[in-house]
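There are structures below to look over.
Presented sequentially are two complexes of subunit A, the first with subunit B as partner and the second with subunit C.
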Partner chain A sequence: MTGAPLLELHDVSIEFGSPGRGLTVVESVSFAIGAGETVGLVGESGSGKSVTSLAIMRLIPGLVGRVAKGDILFEGKSLLALSEPEMVDVRGREMAMIFQEPMSSLNPVMSIGDQIAEALMLHGWSDRKARHARAVEMLRLVGIPNPEGRFKAYPHEFSGGMRQRVMIAMAVACNPQLLIADEPTTALDVTIQAQVLELMKKVRQETGTAILLISHDLGVIADICKRVVVMYAGRMVEEADIASILRTPAHPYTQGLLKSVPQRGSQSERLYQIAGSVPMAGAIKRGCPFHPRCPMAEARCSDVMPPMFRFADGQRAACWVTAERAGALDTAVVA
Partner chain B sequence: MTRYIFLRLVDAVPTVLLVLTLVFVAMRILPGDPAVAALGDLATVEQLESFRERMGLNEPLWVQYFTFLGNALTLDFGQSMMTGSEVVDLIAYNLPYTIELTIASVVLGVVFGIPFGIWAATNANQSPDAALRGFSLIGYSIPDFYLGAVLLVVFSLNLGLFPISGGGEGFVDRMHHVFLPALALAFIKAAFLGRLTRAALLEVLGKDYVRTARAKGASERRTIYRHGLRNALLPLTTGLGLTTLAALSGSVAVEMVFNRPGIGKLLISAIAERDYAVIQAGVTVFALFVVAINVLMDLVYAIVDPRIRTK
Partner chain C sequence: MSVLLQADGVGKTFGGRGNFFSGYSDEVRAVDGVNLAIARGETLALVGESGCGKSTLGRLLLRLIEPTDGTVTFENQDIASLSSPEMRSMRKKMQIIFQDPYGSLSPRRTIGQIIGEPLEVFGVVNNRRARRERVAELLQKVGLPPETMDRLPRQFSGGQRQRVGIARAIALNPAFIVADEPVSALDVSVQAQIINLMQDLQRDEGFTYLFIAHDLAIVRHIADRVAVMYLGRIVEIGPKRQVYEAPQHPYTQALLSAAPEPEIQTRSRRIILEGDVPSPSAVPPGCSFHTRCPIARDICRKERPPLAKVAPGQNAACHFSAPNPIKAGIAPTAAKTTQSETA
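Here is the complex of A and B:
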């Protein structure tokens, strides 16, 4: 991390349903992203990773859910304290987002050029010609052939991979400092996945934007991210640089995740799987959310939620057992 | 786009032919003798026979059919059996009043219904939504001719604000005459379009591309109108076509209630008098209206949705 962090989440809890009586789907999540840094957020479906990203963009409708606790800081300023018009100005300019569903994330009745130009128009590009030129330039950057001619084309004339490229072009058109990519490659074919990841690397290189990449696929994360945050059942369970995660995962859940990845040359007939299934959000009220499935679980695990312990090399994980074995330090104050 | 318009028009040709055929068949299987109906019970056999000869009713059916088709295509619907005046002239006199009524009622329905629907959708499950639900229930429940009679009694008879009957002369007077009947027809349209707009907009506002619009920094207002409503126009176009057609059938009763000229009223009196030529022409005009509106809707679809345009 270089200098002051760009984005900081401090002890963020997100609640769905009616205020105060709702369901807590994300609890006490804290992490930070530095300028230009690429951080992965990994976890299974329902682990709260998408909800966390929507909360950063403040895109969870107020009637549905809200940040109940904690704060989200962008360049040191609280995003939660901004008025809606101020937040509207932040979205798309300071931080932009691309989504999992390229097929349905573009407006079907607006040409793709106009959709990119709209993002520019919303953030102070008043000159129509300049917008057009910039949109074409962005289409070229993301590798759309014949960008000038394709400006007027509609989303249905593009394939899924091409649409995701358009989404990326739209997201980075205003040079945001942070790009949140929520499962950007999940809906795509494997070869297209690789292309889109390459494109994201290229975009990062050319624009210097920080990226928060959300994925359930450790392979994708490992390909592009330096640091990883692992979430399980709405809780953050581990945070470390990618090498540490892959070599010495500190949390039993992360260890299970890694073991589940098929190994080349493995003799075993069956793939490894973590016993049991992901609990419903908020179903486990006491102790570590992973304890019912954890092979190392002890009595205290079902009683008290472990804090984030500090392991070697800045690795952090929320596990009583592995922390004790590694002699890790309790970090009451989260770094 | 030109090709699309051309194809839609070509598509309409068999429909028109089918409609004309149905009209012809319906007229022939109608019970009652047109000659007796026209000349009355006291007419002599010779008089009836000469009438049939004059009207071509003695020709074989297929000759009558092709004569009818040919005449219809050249807009020659013969003479009214009752008054002897040219049917084309009757249609030409009455049609503008019906079109006027249809357009006015649809405009009123759109002006009240769509904003109401937007208001309800953007305040879903809150009081505006409940208000729309109540309004729609009332709108759906009151028959247009009954509402027309009530409006007539209250605003024309008792308050004297609007004329009691007729179609009016000159633009301002005609608008004055058309307002109440149009309002009677518009009530259910506003209810229908309000519900439809609410449902369509709510569905669209849950779409991924609406989230994308928000994520790139579109204000709530821009998100709703530019991205939401623009996409909700597709189902709304269908609804608009349906409700325009409903205005046609509704106009029959409402023209009677307000005693204003129009194809509906012309048709009703022609049926009462068994004036075959006029009935034939009236039904044909209504049917062509339906075909025309459908073609028009297809064109609107193409304007609204680029996916249809490029097919």
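Here is the complex of A and C:
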């Protein structure tokens, strides 16, 4: 990462329910994304990964939930301080989002070309012809065959993979600096997933956009991301470059998650299993959220949430036990 | 090993009579001419993408839906010829575990009632106490505390519900279990628990599994043999090691290479297929994979290749079958530039 980061989350906590008395579903999450960087956000259900991404886009309705603590900075400016009209301008132009469900994220009664052109119009493209040309260009970029001819086609005429391509075209039409992709390939078949991942790499290369990829699938993350943030039950538990995560995971949860996936060439009869089940975000109020399932848990783990300790090579993890073993306890603790 | 179940030319066509609105025939050939044999005690994995007919085939083998063609033989009996009382008693021996542990358990019945129902229906137990004893034993087998039997499904997590689904499936001590995507709705950290449980039960009770899945990493772990389906047909079947290391059908090879794995050096040989899976109501003529196949030639568009023996125990339906056919250097036709290799 060079220069100032594009997006910074500082100690962000997200609360649902009534202010001050609600349920904290995300607590003290801090990470940054540099310009043009691809960061993966991994977690299972209830880890808070999607809520975090919605908070970045400011898409959580105020009555339902809010960022209760911390700040989200985009190019050094607080997104939380923006008025709604200012935020509308940021959404789509500066940062855009792709959702999991390409079936339900497109307007069924509007042609795909018009939907892309609409996004452009909302962000100041006043010339109709220019909008049309840009929309066709985007459809070509994402590999829609015969883009001029398909401009007037409706979402129901496309397959799931093609719709996800249209979503990507729409998201990058205004040249956003940050693309947030929430499980973009989860609803797709594996051969189509491979196509969409290739497309995202191509788009990244051609537009230079930074990507925050949210997924439960470490395989997908490993395919496209340089750096990974691991979340568990609303807490950030580890952050590192992908090679460190895969070779030397520092948090027992990350370790368990990797071991429980069948590995190529493994001769083992049994899979490693993490005991118990995934808790709801905010269900564990004291100590490390992973301690009830952790094979290494000690008394202090159920008592005090560990801070993010700094391990070798910029790897960070929130674990008392592995930090002590790695000698990471003495070095600076980063918030 | 003896054959437990055999399918001969099994096919299923849905629709076809047209309906009130369309008035024309719109047949969907979901499963087409499937031949396979499952040996007692083995795990045969059935893999393929959505709409390939793998779930339909699983249900045909259990006679949960009636085939339009072919026969299914279970323990040397043609199950289509059985009368309904005979079929009922046969059902004790063949069970299913469903994908969705939320939708497949009645929300208003206790865990004990859900697991105990098959015991009562088949008269295995004839009083409440015997039922509770057997349910407690089954709960223990699947790793749940017996005192949970009076709770409702909503008090359980996804993984625990899947354990209940398994307890119900094994309640009658079946020989054959179809597991239809049993872990794909579960969190990654819980999947391993269910896979280990299924393997433990197989070791202890000798179950035969048809394991339907799209996750190739899990299949590599659990299966003895693997069958790959594409558009209703089996395109390759063989021992796991051979299919993973030397797939002989280009679709198998592409499917295996497309699956992203949490590893660092695997991304050099990915084969990206172009286009989408055609609709099962408009299966391409000839080899149904030719529209996406990087090594297709003229013959592939005209003649359907039979599922033929290519190696000991391994069959593939391809005119140009060879170990890893796509990189084996068969010149692709000029129009196809499907193979894209990434750095």
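Simple rule for what comes next: the second predicted complex is superposed on the first by the 325 of 335 C-alpha atoms of A that agree within 3 Å, B and C clash if a C-alpha of one lies under 4 Å from a C-alpha of the other, contacts with A are read in each partner's own complex, and residues count from 1 in each chain.
Following the convention adopted for this analysis, contacts are C-beta pairs under 8 Å (C-beta built on N, C-alpha and C of every residue); 3 or more make two chains touch, one makes a residue touch a chain.
Remember, it's a predicted structure, so these values are computed and weren't measured experimentally.
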Please work out whether A:Gln195 is in contact with subunit B alone, subunit C alone, both, or neither, and reply first, second, both or neither. second
Could you tell me if A:Leu6 is touching subunit B, subunit C, both of them or neither one (first, second, both, neither)? neither
Subunit B versus subunit C as contact partner of A:Ser159, first or second or both or neither: second
Taking the superposition on A as described, I'd like to know which of subunit B and subunit C A:Val172 touches: first, second, both or neither. neither
When the two structures are overlaid on chain A, which partner does A:Arg91 contact: first (subunit B), second (subunit C), both, or neither? first
Which partner, subunit B or subunit C, touches more subunit A residues: C
First, second, both or neither for A:Ala32, with subunit B first and subunit C second: neither
Spell out the residues on subunit A that touch subunit B in their complex, using ranges where they run on. 57, 59, 84-85, 88-93, 96-97, 99, 101, 104-111, 118-119, 122-123, 154, 156-157, 167, 170-171
Quick check on the complex: what are the subunit A residues that touch subunit C? 44-45, 159, 161-162, 189-195, 197-198, 201, 216-223, 242-243, 246-247, 253, 256-258, 260-264, 266, 269-275, 277-278, 293
In the complex, the residues of subunit C that touch subunit A are 49-50, 157-160, 187-193, 195-196, 199, 214, 216-218, 220-221, 254-255, 258-264, 266-267, 270, 272-274, 276-277, 340, 342
In the complex with subunit A, residue positions of subunit B that touch it: 207-209, 211-220, 222, 227, 230-231, 304-307, 310
